[in-house]
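One structure coming up, written as structure tokens, with questions to follow.
Labels run A, B, C and D following the written order; every chain starts at residue 1.
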């Protein structure tokens, strides 16, 4: 039998809910309840981790949630029903500061920053005696309220069974959020960020916004859990909540269970926590930690991608690899590419204006006051020797880098300093010299990302697939549609780049070294494609060494050398320019290819 | 000795201590990408070995160093063997596996050495005076300063002046290219763990002489190591010592000027601010 | 995947463990289950294990003389790993699954607090071995919670010694960011200030802090004569060593928690000479009239564990004795006493143990808990205050390091 | 099969098959590499040229077949032992050690054979005067072409006499391409055996290649001397066609 992850989750929750109703408890209610609690905590942590960020500081949100709620209860006597949301709010506020402060941090550096960020609220609370009672702690917090539920009254504060159902409900809610995060448009954006952040920007995913959203959601859930924890304990001190332990456990549970699976983090907690707490301890009063350690080691050695991944591979259900894999619709979508934009004659109105743009890396001036206008509907190729600044220029236009000086206008709008995704939404897309695929997604999904997050954007993956197949057909990747993009050879990746860039719905397309690594046959195909795109009204900018390609398809050439624009004009003019010949082709030109250029 | 001098001496010796604790971790992490959470436990183990040798033979505490330095690579290499079995994604999985190893080692230490706190006493509590500078240093401070400079210096020289060291740096920077020039990655991994073990062997006795040893103490040491390694930028040995000093000075200053209860806030703010301003750690930024 | 077969056994093992765990809940009818929760691993393991030894000894003594009302006492020891939410779990498991008749043990308020809340919720008596925080009994009335220690028993001899014997003009105070230590520091500050003693240095540390040198520098700069440390055992080890290494001249170093352990002397050697600590009991420092009991305890303890008991072990022993006595009395009235009945016995208990006389007030706090100030003199712990229990005079000033 | 060259081949590939995730990327390929000469592997993208070189260098394990270096089988040897025996791969792209100086990058190339390192360093600097000027700079700040020089120089530093080049012209401007071609010819004349896998600028190399192979879909479709392949009418389209 094969269960969908969603069904597996429902079965799991139903099992957890039905267990106490059947009669005897297999393990203590509190332990199982806390296992659910830690499951929810692991899920909350994982929400942020889905964007590729590993936080070592979630206990900050946990602690702030706890204090935010406990202080109101302690000083004003408010019911937890009112104060728990406030606690979550406090956690979210602190998460907001993270979003602003840690925007540029990645990887282990982000991990360290989050680790250190726990100390800030901790030390402040520990020393703000008049408000928080500091290290003395808050004793006698209001218990969780009694909740009338039809004929029943759930005494959450005193009845451990009622408390168990509350914690189980929290787990269910967090799983629901997790499910939404894995399958929704947001989930795809987070997955894109995690797999390749640069590429995510280039298909139009607003990276900061999505990472922040994931963090705020994660912090809110963690804050709620922290607040409830405080009311369950009845007492609160800084070292109870701001602990490395609470930051690290969700990480261990998530990795153990499988990070990209709906049930992974929760399963990790539900398996590991009770075993450690109850089954090992009574037998081995002090040696259980070693047994637990050995268990964890063995589990990771045997299930390197988590228990959920292993269960799924066995076909027993229990997880899924990130968002659901695109359905394998075999049939080719008929029909021509979407309606071309009205074709613009070369020499039309300017669509891209580069005004005095310079770029400096440290002491090196890579581009010097570049002045260049691209007309709507034309194909403009930038030529130049290695290191002349061509790719840098493309990076500046597409928002991957910010210029040191000067301005860039797209359709008359100043886009200088805009992030990549905004420029994509404005109608400019690019390919990358070094292909930037989302390696774990299929080729088809890669293209669908462009459709989902480009302009105008498609709300759901399924809705994007037909057009994605068309684009794959266009670049000749249909047979590879369902391979993971990470397995493609270089040349196919470059074609994928083109398809994905086109998917974002651009009016201007920048092709960065598209022909590098292409054989003569493929160069011909590339040239055909460029002409086709031009006929459809696209404005194109190329950057290529291959004169056989650029000289043939371009309306104009722009020659760069050492960061300076040597000449702009029709191909034969530029190629005949003495400075260009000297810089680019060597002093004396005898290459037949080049002389064959028109 | 003036207040300023006191501050400088304490800050530098505390920073040197941090750097010594972090060295082995930094080296192993840089080469193998193994996030070794059992690092602190190994340091404590090394400290215990030194402690019992020192107690049993009544030798000078520093005389225990040859033994721990010789023995700890054995443990580090055993860990390397275990980590060989870890499959992708390696950094994450190594983190969880070494978390398990840390639990096992802690439990073993508890069974073997009891939960008692152990101290290694310096041989001569005499202060070393440098009248010209108005300095007075305790033996522990001198030991920390000298050994951290020595260890950092030797490791740095090894990495920059010898072929095996350069090969190790090459491996950190580009594994594929390192393979292609004929570097045996397995051997690099082994030598990283061996030298890392050596440095753990060096740090253990000093840990026992500066702080105290107890089975659960490894977490503190691991935290110091992780913090400093990332703070200084992965794979940079001299900045590790600089980073340690910076942190030590900042903490000492905070404890003096604001009170001991604010020191963690100051070091946390320093870390966060420096990371925000230099997102890749303390390393010197390269162009392009 | 082929790997499936190889890995199935791991999950199988987990399943077997789960099932086995499910079946292990039954306690033998004749046995009385007593629950103990202590930090047996983690940062506080040293003291947790000491308390555990004391409790185990008390239970073994009871069983050796035939149990309580003819029923053997089965001690269920649980480790909270020095973490409160695990203490909570263990308490809940012991109460609901193992159906223990009472709980004992616990070190540090952070761990005791959650256990006391759980005990109140399930109406199970809990006698804590080491707990000080006033709020646990005063802020919230918890009829099921008792403890054999309190802060006053420590504060009073410390402050009186300082005010009556040492009489410094200035005192420096170092304490930790924990409820007990904080309340101790506030108590000391309030009482000494009332006596006209100034406290120019008051520094709060986190337990396990690696460096005290800047605080010591402040002590030196302000010229405080006496340093009082509210730190725990390891903190005091480190503080004493750094103080001696830096040749700080002091009249006295007073460290209530930590100095009164033989291991403190063993680890620090000469550096420990002259340090003042406090304890309620330690071999050689016993409550008048209980010398015989104390000696019997020491003999039994040494025979059982091959080491000398400490003051912490005695706290464990005393707390277990208190609970067992109350249980026995309740059993005499009813074959299956409720928690409430045991609590009633506890409330009226008046017992003299090696630790001293044990009676509880209405909040569950001890009425007769008194510490003695001891000083390390010649490598031994010698009681020096209060005068009626002193065996030697307080030695001042503190010797400044070796040689 | 191409006619046996006059001298014994330095490198022989016999019936080589390489699979990637179960799919064959090279199938039954045999090739002899003559000594002190240039051998060119060419063919369209995905034909398996890189795979052949990476397998010969030891980065990939063959599913079947043999690789003989000077008559001895090496297919079971790890990369470093192949380097020690004088076979080195200069990879595609700019695979330098970015934070080490140019000089250190070159020195590390001599990792397996360190005797007379100074002499070889001198030779490499003579070959690449650009690098001599920048020997103290971190390799990461060099331009693409210069980084390629570092990679090539590093290969030469190994003292290996059989050099494999994977797409050496990728991303290089025509000026650099011509210059590198000249370097290749110089090396051959000094006794180095070169195997170049390239689909770019083949018209520059083919006339000089003593042996050449045309790969398609993992199989050797044509083999012969460079000029023979250049003259092959079936391949004319591939080598000469310009976009129509």
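FYI, a contact is a pair of C-beta atoms (placed from the backbone, for glycine too) under 8 Å apart; a residue touches a chain by one contact, two chains touch by 3 or more.
Note that the coordinates shown come from a computational prediction; the quantities given were computed from them, not determined experimentally.
Chemist: If you average the CA coordinates per chain, which chain's centre is most distant from that of subunit C?
Modeler: Farthest by centroid: D.
Chemist: Quick one: subunit B and subunit C, Cα centre-to-centre, how many Å?
Modeler: 34
Chemist: Determine the centre-to-centre distance between subunit B and subunit D, using the mean Cα coordinates as centres, and give it in whole Å.
Modeler: 43
Chemist: Could you please state the distance in Å, as a whole number, between where the Cα atoms of subunit A are centred and where those of subunit C are centred?
Modeler: 51
Chemist: Do you know which subunit A residues sit against two or more other chains?
Modeler: Within subunit A, residues 126-127, 286, 289, 364 contact more than one other chain.
Chemist: If you look at subunit B, which of its residues touch at least two other chains?
Modeler: Each of 106-107, 110, 261, 264, 287-288 in subunit B touches at least two other chains.
Chemist: Tell me, which residues of subunit C touch at least two other chains?
Modeler: 41, 177, 204, in rising order.
Chemist: So which chains actually touch one another? I want all the pairs, not just one.
Modeler: Contact pairs between chains: A-B, A-C, A-D, B-C, B-D.
Chemist: Please give the residue numbers of subunit B that touch subunit C in the complex, ascending.
Modeler: 3, 6-7, 10, 14, 17, 106-107, 110, 114-119, 121-122, 125-127, 138-140, 210-212, 214-216, 220, 251-252, 255-256, 259-261, 264
Chemist: Under the definition above, what is the set of subunit B residues touching subunit D in their complex?
Modeler: Touch list, subunit B to subunit D: 163, 166-167, 169-170, 173-174, 176-184, 286-288.
Chemist: Going by the contact rule set out above, which residues of subunit C touch subunit B in the complex?
Modeler: Result: residues 41-43, 45-46, 48-49, 82, 177, 203-206, 208-215, 217-218, 221, 233-234, 237-238, 241, 244-247, 263, 267-269, 271, 401-403 of subunit C touch subunit B.
Chemist: If we count contacts the way the header does, which residues on subunit C are in touch with subunit A in the complex?
Modeler: 1, 3-4, 6-7, 10-11, 14, 17-18, 20-22, 24, 40-41, 76-79, 81, 83-86, 88-90, 92-93, 96-97, 109-110, 113-114, 117, 121, 133, 135-136, 139-140, 176-179, 181-183, 204
Chemist: So in the complex, the part of subunit A that touches subunit B is made up of which residues?
Modeler: 54, 101-102, 104-106, 108-109, 111-113, 115-120, 122-124, 126-127, 244, 248, 251-252, 255-256, 259, 286-287, 289-290, 292-297, 300-301, 304-305, 361-364
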